[in-house]
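Below you'll find a set of structures to go through.
Shared chain: chain A. Partners: chain B in the first complex, chain C in the second.
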Partner chain A sequence: MNDRIEFRFSGSGGQGLILAGIILADAAAIYEDKNAVQTQSYGPEARGGSSKSEVIVSDSPIEYPKATKVDYMVALTQESFNKYIDDVKETGIVIADKELVTDFSKARGKLYVIDMVKSAREELGKVLGLNIIALGVLVEISGIVSHESIKNALIKRVPSGFEDYNKKAIEIGFKLGKEIKNNN
Partner chain B sequence: MAKNIKLMQGNEAIAEGAIIAGCNFFAGYPITPSSEIAELLSSKLPKTGGVFLQMEDEISALGAVLGAALGGAKAITASSGPGISLKQEHIGYASMSEIPCVIVNVMRGGPSTGLPTLPAQSDIMQAKWGTHGDHAIIAIVPSSVNESLYETIRAFNLSIKYRTPVLILTDEIIGHMREKVVVPDKSDVDIIDVKLPDVPPEEYNPYNYTSGAVTPLAPMGEGYRYHVTGLIHGETGFPSQKTETIKNAQNWLIDKIYKNIEDIEKFDEFQTEDADILVVAYGSTSRSTRQAVMMARTAGIKAGMFRPITIWPFPEKQISNLSKRIKKILVPEMNMGQIILEIQRNACESQVYGLNVVTGEPITPDQIYAKIKEIAES
Partner chain C sequence: MNDRIEFRFSGSGGQGLILAGIILADAAAIYEDKNAVQTQSYGPEARGGSSKSEVIVSDSPIEYPKATKVDYMVALTQESFNKYIDDVKETGIVIADKELVTDFSKARGKLYVIDMVKSAREELGKVLGLNIIALGVLVEISGIVSHESIKNALIKRVPSGFEDYNKKAIEIGFKLGKEIKNNN
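Our next item is the complex of A and B:
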């Protein structure tokens, strides 16, 4: 494993990006005994505004806790795509939602545009859970943790009564991730 | 026994550490980026027989904490810059009347309401000088989530041992970041408990300025009757304006901390043995510094780091000794230059450089490395 892998979830406040980051860090740190640090950055507003949640995973101790050379970025709004893409490595991968991000003039790295909102609407019946679908895509594409680890971390962190809904959401993410991997 | 390892936030680690230390009272008023400490203690304390109080403001919150501590509680409050400004009045009262308490400041950008969600290290001097009058204070700056937990336990211990307010200074980065923590069992850590005086009530004086030993604070309700005031007082606790008493009381407040500095101080050194450039960094900035020092070493520059964990009282002797052999010292801080003043004062034989970043963003390893390189080439 590469010594330091940087993940960034970006979008707007309220989309659940911080939770997605926590679940990823939990899966890596607790269920796979790697080193992981999760940080976040958001504005003073409770909803809206640009927000990001970052996870660093490494086999060595992690000193600087924020991402500066991003290996994997998820963008769930146009504003966050534009604002946070500059730190993505040349070899990095950017996962954007097809409906929420439409202008790719600032794109860097390898771009995967995926129908996550559409899949949520069609398969879950609502867009709630978009963060978990994106997490599933990210895990599938990066292979950073196993399906089992991420599912264990997911179940621990979501509200009781919503376990099945979220399990379904992460499976959708795995499937979308696999499709895009096979097509590239 | 299997280790209890959890992924948790810095603020959560402080709440966890407080409970392990035996904290049974919190009063506060929520403020970003410290609110999770209040939130978590509001659910933890009632389950362990403790009390959680949300007060009408920050001043009353520390007032309630001091009242609880006088009643024998291990008490804590948490806030951020704007709230800590309000608490200054009672920090002075706690110093003067020697009431143990722990005060957490999860630093954010200031002055005033400043930057609620963004980090800074700009309350370092406020921690020492925020309240008026001569007094000494203990302040601790953890640099990780794990350290936040253990240093909170140490903060409670020091507050009781020296009957003093102890400040824990973290920042938005440490407070909100999540990483692995080894949660200890209560039996695995040293905990200093509130003790009854070893004399009967009729022989008890709540203060002693000359023996050199700290008198235990008798919890109210145990039969020990004494006076508590913010006025200069004699050893019985009653106000006094006798010159001898004033002198003894004022000296005591400083001496009880500074004469025990070796017990209170705590620091960490990284590759300082053969260093040509010393970087003095604390809190979240020390994480970037450690990485920058490794980058410098890879590039053949002999850099090292000194990291105060107890920042007040300041480790003057260590800096002075290091300055005898390391002639270039860099002090990166997320403020306009605060601890650098202490370095300049103590490292008289070295050239001291600052790196001050006040953008609401943490200082990166690249920024520190660039400065180390610049200094090395100068």
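Our next item is the complex of A and C:
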């Protein structure tokens, strides 16, 4: 039985993809009884636009820490969507932002197009926190960790003074995730 | 020819080991023409004390991202020193803080015991920034990236308003690294 689940956050540098990955791995390994590996891997192309951050979660020790058959991918730019979608599983789920990704000709697996940027703008007043909204969506859709675990992990990793802002962001993500699950 | 070099930061959660690893990987991949993978890997034991963050740097693409033959290890607690030293190479270098690690009975490779906490306290006025001092020591001793690259990567990753503090911290690390190199 394969209990290994692979997550990939993709977008551009500066969107907080690494932090989102670290919080997810913390939630799984520190607040729940799982194993987790969080990785970012880049070559010289990192100077260009796309970047990614990956998390493997498993009940068993994780031998190979790179994602090769992605179960859940978040895409926050068109370029990263195109570049990193190829190793999403046929049964995988891709979560893309509705404003930032518009060409779905390369889509694989199940595609959820969600208005995350718009929600950030309308409900938080700015786009800062998009990574945390996406994390909330991912947790809600995957059910990989509980809301409580991810919120505990979140609070430990965000700068002090920004706890409430980030709690609001993750709740927006839970809500968006719930809406799309109910429509599918 | 094996151009793969493995780095490990070890200590306790909250010491900023992941950030140190990310900055090193950024410096190598974004500011120099290298490949880099940064990983943190933890199981249920993460709820206890020790944690680690690893970086592999190579001129070639990196197939296996976990550290198994460590070239350079930083240890910022006794527990992490004991726990993670076993896969340091015979020819590897271990950088330990003089106050935080005092029992060297398990030492392997070449051991550099350096007064990093003391320098932080005396030159920065607090211990915040110990991770960046250790990063500076590591860069100076390994020569893996230039001072300029690591400083560029550092400035991009630290919270705004803390740039000068962190620049001071990394310069302390360079200085400590240079001193110990000259004595060996």
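Assume the second predicted complex is superposed on the first by the 175 of 184 C-alpha atoms of A that agree within 3 Å, B and C clash if a C-alpha of one lies under 4 Å from a C-alpha of the other, contacts with A are read in each partner's own complex, and residues count from 1 in each chain.
Heads up, the rule we're going with is that a residue touches a chain if its C-beta (ideal position, glycine included) is under 8 Å from a C-beta of that chain, and two chains touch if they have at least 3 such contacts.
Please read all numbers here as calculations on a predicted model, not as lab measurements.
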Simultaneous placement of chain C and chain B on chain A, clash or fit: clash
Would you sort A:Thr68 into first (chain B), second (chain C), both or neither based on which partner it touches? first
Spot which of chain B and chain C makes contact with more residues of chain A, would you? C
Which holds for A:Pro159: it touches chain B only (first), chain C only (second), both, or neither? second
Between chain B and chain C, whom does A:Ala25 touch in the aligned arrangement: first, second, both, or neither? both
Need the overlap of the two footprints on chain A, from chain B and from chain C, as residue ranges. 22, 25-26, 29-30, 35-44, 62, 64-66
Counting only contacts in the complex, chain B reaches chain A at residues 5-7, 32, 116-118, 173, 176-180, 284, 287-288, 290-291, 362, 364-366
Residue positions on chain C within touch of chain A in the complex are 18, 22, 25-26, 29-30, 33-44, 46-47, 61-62, 64-66, 159
Hey, which residues of chain A end up touching chain B in the complex? 22, 25-26, 29-30, 35-44, 62-66, 68
